[in-house]
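Look for chain A in each of the two complexes below; its partner is chain B in the first and chain C in the second.
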Partner chain A sequence: MELRKTTVREAAEEVCSGRISAYRLIEMTLNNCAVLNEGLNIFNSIAGIDALEQAKAVDRQIADGERPPLAGIPVAVKDDICYGVLPTGFGSAAFREFFSPYTATVVERLMDKGAIVIGKTNLDEMSLGSTTLSSPSGPTLNPRDSDRLSGSAGAAAVATGVCMVALESDSGGALRQGASHCGVVGLRPTTGRVSRHGLNAFSSSFGQIGITAASGENINSVLKIISGFDENDASTARPGDEPPLQGDVPDSMDLKIGYPAAAFDYLEPALREVFEQARDEYAARGFRFIDLELNYLAEALQAYYVIALAETSSNHSRFDGIRFGETEKAGDLEALYSRSRSRILGREGRRSSVFGAFLLSKGNYDRYYRQALKVWSLVKREFAGALTKCDLLMLPAVKSLPRPVSGETELLDSWTDDLYCAPVSLSGLPAISLPAGQAGSLPVGLQLVGPPFSEEMLAAVCDRVVPEINIFPHGNV
Partner chain B sequence: MLKYLQAWTPETGKKLSLRNPGRRFLPLFTEFMPVAAARFTNETEKRVIFLPDPINGLDRTIRIMKLEVDTPEQEKLEQELQGFLQWVEPMLAVNTGEAGQVLVNHDAVNVLREDRADQGELADLQEAAPEFAGGFYLVPPVIE
Partner chain C sequence: MEFEVVIGLEVHVELQTESKLFCSCPNCFVPEPNVNTCPVCLGFPGARPRLNSHAVRQALTASLALNCEIALFSYFDRKNYFYPDMPKGYQLSQYFEPIGSDGYLVVEDDGGQPKTVRIARVHMEEDAGKLVHAAGGASSMVDYNRAGVPLVEIVTRPDLRSSGESRRYLEQLKRILQYARVSDCKMEEGSLRCDANISLRPVGSETLGSKTELKNMNSFKAVEKSLEHEIKRQKNILKRNEEVPSQTLRWEEDRQETIVMRGKLEAHDYRCFTDPELAPIELAPEEVDRVRKALPEMAEARAARFISDYGLPEYDAGVLTSSRCLADYFETCLKSYNNPKVVSNWIMGELSAHLNLAGLEADQCLFRAEDLADLLKMIDEGLISGKIAKDVLEKSFQSGKTPRLVVEEEGLLQISDHSELEAVVEKVLAENPDSVEKYRSGATKVIGFLVGQVMKETGGKANPGLVNELLVKKIEG
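Here is the complex of A and B:
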């Protein structure tokens, strides 16, 4: 069985029917992991024997007559999502050996249905970024072009076919941009659709767990298992808040896509051309486009950073060397905190904490933070208003092609990469990043943004316009 | 820099928020002008005045965040912060007069968990403390 040509549902059926055992499937996956990890640096840790033990347990369940819907499906989990069996490093050198005392709800729900965690994927320091450049383990390379960054390691894992599904966090767009850079599909769900219990989010308002996979169908297979109310996360939607899972997706002819043409002006010509072609292809498939305006994209990005940095400074205060992180020896308590925190937080973490504290300080709070909250409200209303005129919004997923592995990137250049993703995070709406075409040999993705809880429709539209995704079985290394 | 001043008098507990201090508050402002850089405590006057950190001096912010940052890194941080604050200027100009409350897409309900006392292992807790004597943690006598 070739994982890259099989859907999650088909693979699970193969395992349940006994044509391949979960053990054998995971054994093959782990072999691929080891090979690919050498070249691309996808995983911070690989489950090995633990994954094989889980696979044996799934085989026993099947022998007992059960048919778990995700039987034997290999899943990668980003290293900022807690999983008790493997270290959860948060992208910090200080947490390399940290074993979380509990497992995130989303991971537990997948494992309950037969999925098997094969490893924890690489990430930027404390998830602060969408390149993996600040990871203590070094950057993850792009399977399509190993001289470039993948954006997210989970997307690289899916793009190489080493696993069928990756669970990743997405605050300003790391998941969606990674999916774009690696030519796969990434879903950021509606805020509240999926539990965040067990996610070490630097930004409480925007951090969300999403799914990366090779098709909309695979995303739906996982979403229906991980979504729903969680008593450990008060921000999850309660039963009744979510509309029932949608059946057939409306015909293309019945779907109107809002196209904010001015938003595409920020792009370099090569990328703009890709999106114009994509728009033509969508129109040829029967989708109708309407022009609309999004007036606050740039300001939304700025508001995102003000709020996210402020929240980071607060959230990272827990890393004090006593409650979390290793304690450094010092003569007094103040020095103990300072030394421990400076070791736990790397350059990115220290910068975000200092910036955030500055923005929250007296005299700056109203000017920056409160204003950002008001802009957030305007952005949310603007997106909601736009979706009263159309069924979906189309936006680029990325502002530029994946960055080269070598070379310095200015701070603000790196942050403006989130131009199209961060505003959607502010809106709280679901967005799917899917391949739009290629610029040269590199994939470029676009985002479709839908109304609250419309993930199933987004995934179905994705499969309609991108019937097959080219998986690189061994990466381009 | 001085858009906001806040003065507090312990005797009265009075707290004044001053936006764009005009003639009315000028005496108060000029009184503290020589020490207005960060925080001033005068035992005689018993007044404390807070002012925003100047961008070119992150010492206090770094100290509050309990971090140790060497001089080159601090200079870099100040430079980056300056660039960041210029970058967000367009957001400050947005007319937010009609901005309402930020709403969620569903009615979030706060779920309270069971309140369970868990003392943990005392030995583990003590290991994290720098000093421990006679059943107590030793902390500095004065907390800033």
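Here is the complex of A and C:
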């Protein structure tokens, strides 16, 4: 079986029919992992024996006559999503050996249906970034060009074919930009569609768990399993709150896509060209385009950072050396906190906490935080308004090509990379990041943004316009 | 110069609920540390709060019982500060929008006149854990059993004018919350905690003087004592024409004085912002009405019923309804022994004496209402005398044994056997010929002395009515 050319559904059927055992599949996957990880630094930990044991259990289930819909499917999980079996490191040196006492709902649901967790993927310190440059274990390299960054390690795991699916977090766009940089598909779901229980989000408002895979169909196979109400996450939609699934796209592709032309002006010409070409291809396939304006992208980006950093300063307060992280000896409590926190948080974490505390402090709350909340509601209204005029919105997924591994990145430049993703996070709407074309040899992705709970439709459109994604031939089994 | 005392009280009350405010851990006291805990109340990364709707209803009930305006839309905010008993580094509290506001409560002023004390706000928040200091002071440990227990904080306007008034306010507040079944309000156990803000100003002045904050009072008496102490202290300072320093003071029960805890009443910047993980609390007006209508009978109404239904004097009704559990005790006892005045006498007399001595409430003592009913029945059945009954009550109160068991074990059954008593009667008559003479010569009162002698001989166990009868028969016969 050639894993890279197989869909999740087909692979699970192969396993259920006994043509290949889950054990054999996972054994091969683990071998590939070991080889690839040497070169690209994708995983912070690999499950090994635990994954094989789980595979055996799946094989036993099948022998008992069950047909789990994700039987034997190898899954990568970002290292900010709690999984009790492996360490959950949050991209922090202080948590390298931290074991969460519980497992995230999304992971439990996948495993319950036969999927196997292969390993925990690399990430920026405390998920703060979309480059993996601030990871204590170094950056993850891009499988398409190993002199460049992958953006997200889950996308790299999918692009190399070692895992068919990656679960990743996405706040300002790490998942969507990673998919773009690695030439695969990434879905950020509607706020409330997928449980966040077990996600160590630096931003409670914007942190979401999404799915990265090689096709819209594979994303749908997984979304079906992980979405839905979770009693451990009060923000998940209750049954009945979700509108009826919009899974099937009309054959005629009679969909109207909103195209905010002015938004593409921020891009360098090479990238803009890719998107213009993509637009023409979509039009050739029968999609209709309408022009519209999104006037607050820049303000949305600022508001995103104000709110996300404010929340980070509060969410990371628990890492104080008392409950989490080493307690530094000190004469008084104040000194204990400052010493412990200086050690537990890395550069990115410290900076974010300081910024966030500043933004929330007296006077600044009104000046920045309250203003940002206003921008947030403005942006929500603007996106919702735009979607009354069209079925989908098209936006770039990235502002630049994957960055070279060597070379410094200015903080503000790395924030500006979120220009097209962060506003969508504010909107609360679902977005899929899918390949738009190539600039030179490097993949470039675009985002399609849909109305609430339209994930299935977005994934289906993706498969229509991107018939096949080139997965590296490491996935041969 | 004459000074006016200005006091405002902040009272924290633990709500009676099955589970904690944001998780399903039990809300009850257990001596073993860190047993009632889970990832949510321990602040584990990725664990999200889920609001306990029963706690909201309890807070709503408290607000209505205190005549508050109800916010139909409110939410939880984060109060950010570091302390080891707070696992998340922030406390979830209704900082911006309390569920109840602008209420009041009526208490007697020092002249015995009814006076309205305004309540500024009633808001929900989560409790913190407890620090346990190891002997020797080398280290401290934290018990998180209490972390996340639901509280309401009830804040008065600065309307109280004396220590006595403050104490009566607390007593009235406790009575109301107990009657509403919102909290057991046991200050000694920490389910009711009180801080006081106090300042003095020249009589007639409208501006408030500089205030101090009093903490660590463990009983109503301690509140009254510490306020008296503080009033005296501030008066002395003002009389010297000096200014009262703004300080936080700690009441030292052993030394019966205050010590300075914190030099300045610095306004801490809690960097509050609305919690992004919890949905707002929305109450329907019909629900508020339903809770308002379902408010239980309060002390005054119950006292009136005790007078009309049981024919009790006003005084008895007032004493019995001074706390809900005492009134419950009374009515439970009536179910098996239907003589209201007798029961009332025993509760107000013997039982209250023992309760006060032991510092217990009626629902905490081992001598239950059913035991009192049984004790009274034994008197009626002639099995024990009233005097013996008092001893039985005490022993039963101490040991928790039923009165019948005490009577049996101690051999306290009343002697009602003629032949047994006749021997004693004859012995007493033989030893007291003078008294017999007096009786025969018309001084029949002396019979009381003779009865007493018989009782003494029998260790109080003789049936006094029967003794009286036998004596008269013997002397006259």
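Note that in this section the second predicted complex is superposed on the first by the 469 of 477 C-alpha atoms of A that agree within 3 Å, B and C clash if a C-alpha of one lies under 4 Å from a C-alpha of the other, contacts with A are read in each partner's own complex, and residues count from 1 in each chain.
Operating definition for what follows: a contact is a pair of C-beta atoms (placed from the backbone, for glycine too) under 8 Å apart; a residue touches a chain by one contact, two chains touch by 3 or more.
What you see is a predicted model; the values in this text were computed from it and never measured.
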Inset, instruction - Based on the superposed arrangement around chain A, label chain B with chain C as either clash or fit. - result: clash
Legend entry - Residue contacts on chain A - larger count, chain B or chain C: B
Inset, instruction - Mind working out whether A:Arg238 is in touch with chain B, chain C, both or neither, as first, second, both or neither? - result: first
Inset, instruction - Look at A:Asn44 in the shared chain and tell me whether it touches chain B only, chain C only, both, or neither; answer first, second, both or neither. - result: neither
Inset, instruction - Give one of first, second, both or neither to describe whether A:Asp320 is in contact with chain B, with chain C, with both, or with none. - result: both
Inset, instruction - Have a look at where A:Gly428 lands relative to chain B and chain C in the superposition and call it first, second, both or neither. - result: first
Legend entry - Which of chain B and chain C A:Ser352 touches, first, second, both or neither: neither
Inset, instruction - Once the structures are superposed on A, label A:Leu333 by its partner contacts, choosing first (chain B), second (chain C), both or neither. - result: both
Legend entry - Partner chain(s) touched by A:Tyr368 [first = chain B, second = chain C, both, neither]: first
Inset, instruction - In the overlay, answer first, second, both or neither for which of chain B and chain C A:Gly192 touches. - result: first
Inset, instruction - Pick one for A:Asn32: touches chain B only (first), chain C only (second), both, or neither. - result: neither
Legend entry - Part of chain C, among the options 6-14, 60-68, 96-104 or 132-140, whose backbone runs into chain B after overlay: 132-140
Inset, instruction - Kindly list the residues of chain A that each of chain B and chain C touches, one partner per complex. - result: 231-232, 234-235, 313, 317, 320, 322, 333, 337, 357, 361-362
Inset, instruction - Could you please specify the touching residues of chain B with respect to chain A in the complex? - result: 3-4, 6, 50-53, 58, 61-62, 64-69, 73, 77, 80-81, 83-85, 87-88, 90-92, 94, 96, 98-111, 113, 127-130, 139-140
Legend entry - Interface residues, chain C side, partner chain A - complex: 39, 42-51, 78, 80, 82-84, 87-90, 142, 269, 271-273, 275-279
Inset, instruction - Can you check the complex and tell me which residues of chain A touch chain B? - result: 190-192, 231-232, 234-235, 237-238, 241-242, 296, 298-299, 302-303, 305-306, 313, 317, 320-322, 327, 329-334, 336-339, 341-342, 345, 347, 350-351, 353-355, 357-358, 361-364, 366-368, 371-378, 380-381, 411-412, 428-429, 452-453
Legend entry - Complex interface listing, chain A residues touching chain C: 80-82, 88, 90, 100-102, 104, 196-201, 203-205, 231-235, 310-311, 313-314, 316-320, 322-324, 333, 337, 357, 360-362, 365, 369
